[in-house]
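Going by the order they are written in, the chains are A, B, C and D; count residues from 1 in each one.
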Amino acid sequence: MVVLGPNRYGKAETRIVRVTRHGDAHRVKDLNVSTALSGDMDEVHLSGDNSAVLPTDSQKNAVYALARRHGIGAIEDFALLLARHFADSQPTVHHARVAIEEYAWERNGASGHSFVRAGGEVRTCVAHYDGERAHVVSGLRDLVVLNTTNSEFWGYIKDEYTTLPETRDRMLATAVNASWRHDAPAGPSEAWPSGDWDKAYDRARQALLAAFAETYSLSLQQTLYAMGSRVLGDCPGVCEVRLSLPNKHHFVVDLTPFGLDNDGEVYLAADRPYGLIEGTVLREDAPDAGPAWE
Amino acid sequence: MVVLGPNRYGKAETRIVRVTRHGDAHRVKDLNVSTALSGDMDEVHLSGDNSAVLPTDSQKNAVYALARRHGIGAIEDFALLLARHFADSQPTVHHARVAIEEYAWERNGASGHSFVRAGGEVRTCVAHYDGERAHVVSGLRDLVVLNTTNSEFWGYIKDEYTTLPETRDRMLATAVNASWRHDAPAGPSEAWPSGDWDKAYDRARQALLAAFAETYSLSLQQTLYAMGSRVLGDCPGVCEVRLSLPNKHHFVVDLTPFGLDNDGEVYLAADRPYGLIEGTVLREDAPDAGPAWE
Amino acid sequence: MVVLGPNRYGKAETRIVRVTRHGDAHRVKDLNVSTALSGDMDEVHLSGDNSAVLPTDSQKNAVYALARRHGIGAIEDFALLLARHFADSQPTVHHARVAIEEYAWERNGASGHSFVRAGGEVRTCVAHYDGERAHVVSGLRDLVVLNTTNSEFWGYIKDEYTTLPETRDRMLATAVNASWRHDAPAGPSEAWPSGDWDKAYDRARQALLAAFAETYSLSLQQTLYAMGSRVLGDCPGVCEVRLSLPNKHHFVVDLTPFGLDNDGEVYLAADRPYGLIEGTVLREDAPDAGPAWE
Amino acid sequence: MVVLGPNRYGKAETRIVRVTRHGDAHRVKDLNVSTALSGDMDEVHLSGDNSAVLPTDSQKNAVYALARRHGIGAIEDFALLLARHFADSQPTVHHARVAIEEYAWERNGASGHSFVRAGGEVRTCVAHYDGERAHVVSGLRDLVVLNTTNSEFWGYIKDEYTTLPETRDRMLATAVNASWRHDAPAGPSEAWPSGDWDKAYDRARQALLAAFAETYSLSLQQTLYAMGSRVLGDCPGVCEVRLSLPNKHHFVVDLTPFGLDNDGEVYLAADRPYGLIEGTVLREDAPDAGPAWE
């Protein structure tokens, strides 16, 4: 007997730029919004009856319309606004998940209307709302960092396939992919998470950077744990941090065939393979995550 | 109080090509292998003590060495071989996850030594092994398919943001990302999954293609369910199928401003946004998934 | 004194799928079309006066409309049709360049309406037309091929930075990027190139594959020259072939630390850096290329 | 009769990170270097005789070794150093082309050893050297900029396929790809180009940004010309500028179906198709480019 399991559907990657024009000093928010809904969706799978389905095209339209109506502040607030809109307005929709990426822009010179894309990391968030409770995860990806020293790697297992020499000084580089879960309120829908998301983001980003720079590292795992702990320590209301850190290997090039030494001066930056260190750091009393990470 | 949560580490994307030379008729297997281990890893996170850590470099070496020793047949068998190697050989490693992608090659003409990469979908698998039990998920991604007719979309919710007209005939296109979980044995490690993985793969792939072609679709969800059900029906030993289907929109271009009709002849193939339909189809008696999908 | 040099403008990457419905057996053409025009464009650069400018949006519309009106056969014919349309219909447009990529689809089973994208190489063409003469270049990219033997590399210069050992047997792999120029007619616009482009494409592709498989290679340059010569020999009307061949290195993994030999069995497929071999093979009497390669 | 035409070969995308350690304040240069040589290469193509060929592997080694020996200052200087090395040291090599991309890093906090990758644009250069004369082109790519106002588009040709409404206020966005050619000396090899490349780069980048912000634009061509002219005006020794500017369309979303106006507040950021404006601006007395742009 075949049955339908977990499912969701929505519009992915709606690209929206929202401009606010206060006199000559404009402001731009540049987002990539993905919505996903679930609920009474048995029939659409079994028979193709769409009567419970809010089209993904309508979801896209709602993104644009609500951005016009309410403006866009912090992406977490906009994600919650959208999630609430979908879950509260359609009886067949019991759960909404909204994921947003934000691309940063900086002012181009003194003019109020010209901007340069900042490059660097992408800010992210995912909000869930089921008509009663909301969960919010904030994060970033592609924050590429590198330490030229203060990293060692030794004392590891040597099995029959181990040829790696131990080192007391290596380059350590990674592209930080981090997300952090906010405490969710215990109460009903009115009491959903709310806060100064932008300030929390700046704090978390700064905590990641500071912990990476300041940790004397004996392993990337140790650095990961230090980064996660620092975010928990510096960001009230954050109860769990997940990190995925590719170890972007930089190998010292052997120049002895050319009569040259190479004491940490010339490195080969490798593509693949790479180490991949993934881990979670959380408060011991962190509430149950519910669907937050899904 | 901060604690360490779930974690794993390993070598990602080890690219290996294994050649078998039987006389003049060579054979190539072209894989991308990612290993991830977990176990007694508290200390490496907390203090940087690496005594429980098998370096990712050694994991990479093991991929190459075991490919030499044992050859590579079906990727599921190679993934299980590697997972068992890591979990069984190191006391501090309690769990191994091995993910493999395979790129297909076809013979280039009559020569036995020349090949053309096939393009099209990538075959995938993920194997987990914890010293006692194994779990195997097989799959594919980027199988791009398109139906020029036999697809409708109507009868959906019309909310205040709905402008999409109903249609009784639309183009339906997607890039299939599918994975299917195999029944895991109840017993100890000797009884891990084993079977004719290549044959099972061919059956599952064919089931996906046939169901896509033959389903008269009233919604992409209906097509998804039909595809998953067909895999379950055609592949003994498969207990669960997960599908992620982007709805790659093809819009009929309005040519009336140019005095031309367009009855399903000229389409604009859009990039973003796209619909995204995700769902699970499983046997009612499917055993618990354990870590299979992680 | 600052002056305007060569310039062009147009609409890049118009994605069009054209369906032909003969009873139940449908046919799809899936293209990516880029148009670029030049002519009396001094004023638009100097003062922003657009009176000589046909908008890129109109160019896109023309792609769709002409596909509806005339259908799409070989991409070279469609490129010429478009180029002629632009250069002949607007007095300020003196030159049109149309570049097209084609993605291949195969039938999915017996149904006439279901298709699978073929993957593999992308077919390409570029057509130029200036109101009098046309030039056509056809080609392909990303045709990935590999020989497991019949390739050597030795006898090269050994300078102070050479450490590479000579080899009498190596793997040779590349992603073929090839384009071939067709003879252009000497006469006026009525006599533009025309021919059975599809047949010529199949011949050229087959020539590239056969030459790659059959050449016993002492260097990738030698293989390149053999491939170009074969296209010239097999394809009447082709006067010049350009090839760009990345040498996708596959290194024999040293398994001696593990007590294993490795006689051409296990290879590491490297990403970067890669060799890059570029060259042109042409008929001695090839007519002047004019703008063909621009 | 088939003949060999223009050709070159080399090692593409050698990734090198060069660290300079002055006490605790380290410095990193992160480059992607591609070398290409040409010369007496008939035999290697015709017969596979490699006696004139310096292996691409040796070219890669030279990149690392020369970086160790001489350090890396401005990428233009390093490119010239490499080009001269290849063309001057091997009699069979008559011409060397070296292309370099540079990825920028910023300090991560106060520590001297921790860095954050800057994102944003990539700095580029290409140097040619033939044993006598050198040519240098500098540039950047992926400098993404956006103006929220001061852009119009009207007065263009309306042909039968034109439906685009004229606008007196649109968003203008592009990803700047620019390169600028430096005057080459007339004399022999000793007198190759040399200068404060870093300062010239900063000036050119700033000129591009300022011209984009300050030009009231009636067409992207006009903006392109203004950008090129500004670089020529601000950067002594630059004789030619080439620009490729994708018009990254941002469409005002029609919100009237939802009872909402949208006066330049909510935009859809489109992917494809996009306009593509390419043009050259040069000094009237610019010397012949020679191979500079190849």
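The rule is simple: a residue touches a chain if its C-beta (ideal position, glycine included) is under 8 Å from a C-beta of that chain, and two chains touch if they have at least 3 such contacts.
Going by UniProt, the chains are A, B, C, D = Uricase.
Everything numeric here is computed off the predicted structure, so don't read it as measured data.
> Starting at chain A (Uricase), figure out the least number of steps needed to reach chain D (Uricase) through touching chains.
Minimal hop count between chain A (Uricase) and chain D (Uricase): 1.
> Centre-to-centre on C-alpha atoms, which chain is most distant from chain D (Uricase)?
It is B.
> Would you mind working out whether chain A (Uricase) and chain B (Uricase) touch using mostly the same residue numbers, over half shared, or mostly different ones?
Answer same: the two copies use largely identical residue numbers here.
> Which chain pair is joined by more contacting C-beta pairs, C-D or A-C?
If we tally the C-beta pairs in contact for A-C and C-D, the bigger total goes to C-D.
> Could you state the distance in Å from the CA-based centre of chain A (Uricase) to that of chain C (Uricase)?
Using C-alpha averages as centres, the distance is 39 Å.
> Whole-Å distance, chain C (Uricase) centre to chain D (Uricase) centre, using C-alpha means?
A distance of 23 Å separates the two centres.
> Which residues belonging to chain A (Uricase) are in contact with no fewer than two other chains?
Chain A (Uricase), residues with two or more chain partners: 15, 61, 65, 161, 163, 257-258, 271-272.
> Indicate which of the five shapes (line, ring, star, complete, other) describes how the chains touch one another.
complete
> Of all residues in chain B (Uricase), which touch chain C (Uricase) in the complex?
Touching chain C (Uricase) from chain B (Uricase) are residues 15-21, 26, 28, 30, 61, 64-65, 67-69, 105, 108-109, 111, 113-121, 143-150, 171, 209-210, 212-214, 250, 253, 255, 257-258, 260, 262, 264-271.
> Using the touch rule from the top, collect the residues of chain B (Uricase) that touch chain A (Uricase) in their complex.
Its residues touching chain A (Uricase) are 1-15, 34, 36, 41, 44-62, 65, 89-90, 92, 153-159, 161-164, 217-222, 224-225, 228-229, 232-233, 240, 246-247, 272-285.
> So in the complex, the part of chain C (Uricase) that touches chain A (Uricase) is made up of which residues?
160-161, 163, 257-258, 271-272
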